[in-house]
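Each in structure tokens, the structures are laid out below.
One chain, subunit A, appears in both complexes that follow, with subunit B as partner in the first and subunit C in the second.
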Partner chain A sequence: MAKTALKPGGRFKSAVSDAQVMVVKAPAGEHELGCGGTDMLAGNAEGSGSLPADDTGEVLIGKRYVNADESLELLCTKGGKGTLVFNGTPLEIKQAKQLPSSD
Partner chain B sequence: MSARPTDDDRLASRYAAALLQSLDLAVPAPALAPLHPALAAAACGLQALTGESDGPALICPAPLAAAADAALAALATLAPEGAFEGLAGRDLLTERAAVFGHARRGAVSPGGSCRLLATGDGAVALNLARDDDWSLLPALFERDLDADWPAVTRAVSGLRMHDVVERGRELGLAVAPVVPPPSQPPPWVRTVASARPDPRPAPRPRVLDLSSLWAGPLCGHLLQRCGAEVVKLEGLQRPDGARRGPAAFFDLMNAGKRCVALDFGSPGGRRQLAALIARADIVIEASRPRALRQLGIDAEALVRERPGLTWISLTGYGREAPAAQWVAYGDDAGVAGGLAYLMRQVHGHACFVGDAIADPLAGLHAALAAWAGWRAGGGGLLSVSLVDVIRHVVGFEAPTNADGWHRRARDWAAVLTSVNVRPPQARSASARAAAPGDDNAHVFADWGLAC
Partner chain C sequence: MNISTILDMAAEAFGERTGVVHAGTRMDYASLRVRAHAAAAAIKASGARYVVMLDVSSPAAPVAIFGAAYAGVPYVPLNYRLTKPEINELLARVTPGYVIVGDAYRALVEPRDDLQLVSRADFLALPPAGDEPPQPEEDPRAVAVQLFTSGTTGKPKAAILRHENLMSYIMGTVEFASADEADAIVVTVPPYHIAGISAVLSSTYACRRIVQLENFEPRAWLDAMRRESVSNAFLVPTMLQRIVEHLDAAGAQPDLPALRALAYGGGKMPLSTITRAMALFPGVDFTNAYGLTETSSTVAVLGPEDHRLAAASDDPMIRRRLGSVGKPAAVEIEIRDEDGRVLGAEEAGLVFVRGPQVSGEYESLGSQLDADGWFPTKDRGYLDADGYLYLDGRADDVIVRGGENISPGEIEDVLLSHPAVADCACVAMPDEQWGEAVAAAIVLKPGTQAGVSELQDMVKGALRSSRVPQKIVFKDALPYNETGKVLRRVIRQEFA
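Showing the complex of A and B:
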């Protein structure tokens, strides 16, 4: 896996499915970000690959994904197959936002 | 008062007739007491909620209060005699502000979470209603920034309107451009999927209300006054956020509804949700379509399968891609519908009109669509969007150019004196609302579900 810098607002897409994410927050430095067993691609880069048969994960549009200490947070902007993995550890869905008390 | 009602005094009656006609209802249009739209807005507190905090209350040249009167009067023609005795639709627009103590704040919404902000090439309304919305701002602006409005205002000023709106929507933020109302108003309700008529409609409909905050709960509240049995359904993890606001307002919207709470995160909870939906005659729901699909609920399919079902889908911008993904609340939806633009056109600067104005107006229109659909033996999947309701009201008998809007603002101002402009008022709730899940056992028993 290759390392890449993650900045708020940065976009990444899966090399093996339709999944796309936007970085909400990320720790400083360079990190590994993968989906479906392959590095995610920055911006408009083109990639090709196939989803491993044992990856039954799915990235759901509108959901936010975090690592254990929530130092990384991604928003799924397009749904697709594959598990999101950050520095070797699968990401979890962040609990839904609390509703506002008024608007 | 002048002896003869003017054409303007009859606008609400004509709007009521138009609403009933758009539902293909062959019922006589209600006879509303003649009332000038400007006097309606001034009397109910809508005008008091519009304008700068240190300036005069401003007239909005769109007939919002008159349309609210008309929507409730149209509903009353279909409801049992006396269902809305002593209640005018316009009074429903301002009672939240009365309870909360909100006042006009110009380019800040009365509730405070929504602001009109200048970008490099136009203005936007940005509503940060959820605390968590602030955590998305670094992604919106592609850099870290202080979590306060001055920092947001500076950051927005350096961007293009289109970029703020597009990116904000993608992030799930409620953001809208300050735009004119469309030249052709859209329909206020769309039938997305037709119902098969129920051969034996229930004498008293069961309403399952999955919504929260204001528009949907108001719709359920009005159906309750029509005689419906209303069950308010909440997720255990995310009860209605309005419960954390003043009880007087929550009670006003929700007293008398039975409250069921389920764990949507568990298969059992989702089965119970499906079972309750299967036994409801009217469903009120205000989620983005994908949220229910992710819970395994497909409104289109349910409407096709279940004879007699009426499903009210309240959204910000409708159910069609890509707008189905966009979030809206009452204040920013008013801006998206053209209100802030109109205020700038006739008064020289943009401001909010009323308190979350699209919420109560959409709730009123949704109740009319729901009750009419149920009476017809099943309305199917009916989409009522906050923005389209505003556009429909703004576009009703609307002037066709800037001069026309100016002339209307002048003419409407001429009927007002300072004594007409009253502060918002609220009704008192009939009782306390139930707590989440208070009525699980009773509702499951009555609706024939195992617990």
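Showing the complex of A and C:
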């Protein structure tokens, strides 16, 4: 996998499905970010690939995805198939803080 | 990070769901995005550096908020209740500007070459943009919203809210698509109030239908609530007070079977009003939200369970929480004294807030955050041992009598407990001996009486002699601004 710099506000899309994410926070430096076994694509980049049969994961719109120490956080802005993987490790859904609606 | 992502996600997930209702107009999220794209194209073509809104609530407000975001230009809603000179002074500070103006306010605007005026109707009828949707920049530091503060002293300050502040607020406090299709919220706060902006962002992210009312009036509010089977509402305290009074005067029950949650904020809620409202709306979840423009709206929340526990408790320490603004939401809060020392539980001082949603920044004045990122709210208050925040008024409203700091709030609480007192405000009055002394303006309930010495004795008995109002005047009503803040400077002038 190729390495890329991740900055808050940066957008990436899956090369193998409709999934799109926005970077909420990320550690400094360059990292591998994949979805469905293939590098995610930055901005308007074009790419292609196919979802491996054994990847039954799905990225859900509105969910936030984090690594173990929560140094990386992504927001899914468009749902799609495939598992999000950061530096070789699948990302987990972050549990949202439940607050009553205040506005 | 750009707040247009909020609309993209709602349109993507629930494009056909109604997002905004206003008078006879209904707009779904897909249409709202088409309108916002069209607005962005027109804004970009105009070369404007600001998108200005001078109008009451209408679908043009969410279209302009998101359209400005797609175009990468700040959205600047103006207070249409200001005088003509005040409005034109503000307009001179937001040039070149693309100005959406309601027909009723057109005459207030003095034409300038660097302002492009467009009517609400024309703005909502712009031709759709081309096939290529506008791509906002990915700069999270870009300014999303600029709001002029009310400027009680001197020139109004322009508070700056960046995309990263507002997105942090929304992602930290709202779960995407958490509303059911039937859910709706009635929004009565004007578009130039931070709560009017956060209502658009929060509701769109939750995919909750917004029902807009141009002005608040209890009967119209109740009618709209019934007609749209509204589940949620946000009110400033005076609005809730007027609804309670309206229902009690008619001897009527609210009759709002769809209503589940009432949030309130933007000023101090009288204990009598919230207690009565909870009795009138027994099954409804009440939430008190405390926030400021400079903090992208809510920073503390007193939730429904807190309300129920407090109302049902005999323990005065629990019961008093009905007067609290609750616990920190997605921020940290601490209390400091005048010298910057961090205070412990129950110690009153100045309220400081820290977190990614906190901008604490004004145009040309820059950031007001300290080296560690804390923002001085200029509100006074204290935290209890369980972390509940109690507010004590603005630091500027403190009465300094002979070197002693006196909070008007504690005296007002005592006076309001008198059965004849409907409303009151305590302010500083000049005093030769003490520098400042306490003065009180009091509104009595119709058909009741209370004497000056009786009220003074009551304060003396509950507090200390230094708290006793030296002068008391009786008024028919206190002056409030349109969002329910009592205008202390106007009352102070009476005693000057």
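Criterion: the second predicted complex is superposed on the first by the 99 of 103 C-alpha atoms of A that agree within 3 Å, B and C clash if a C-alpha of one lies under 4 Å from a C-alpha of the other, contacts with A are read in each partner's own complex, and residues count from 1 in each chain.
Here, a residue touches a chain if its C-beta (ideal position, glycine included) is under 8 Å from a C-beta of that chain, and two chains touch if they have at least 3 such contacts.
This structure is a prediction, so every number in the text was calculated from the model and none was measured.
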item: When subunit B and subunit C are modelled together on subunit A, clash or fit; value: clash
item: Which of subunit B and subunit C A:7 touches, first, second, both or neither; value: both
item: First, second, both or neither for A:99, with subunit B first and subunit C second; value: both
item: Segment of subunit B that clashes with subunit C, given the candidates 21-29, 273-281 or 381-389; value: 381-389
item: Common interface positions of subunit A, toward subunit B and toward subunit C; value: 7-10, 22, 24, 61-62, 75, 77, 96-103
item: Contacting residues of subunit B [partner subunit A, same complex]; value: 96, 100, 111, 113-114, 127, 129-133, 135-136, 138-144, 167, 170-172, 174, 212-214, 237-245, 288, 290-291, 294, 325, 329-331, 356, 359
item: Subunit C-touching residues of subunit A, taken from the complex the two chains share; value: 7-11, 22, 24, 43-44, 61-64, 75, 77-79, 96-103
item: Residue ranges of subunit C in contact with subunit A within the complex; value: 1-2, 5, 8-9, 12-13, 135, 138-140, 163-164, 171-177, 185, 195, 198-199, 202, 206, 208, 232, 234, 261, 263, 265, 285, 287, 289, 291, 297-298, 301, 303-304, 329-330
item: Subunit A residues touching subunit B - in the complex, by the definition given at the top; value: 7-10, 22-25, 60-62, 73, 75, 77, 95-103
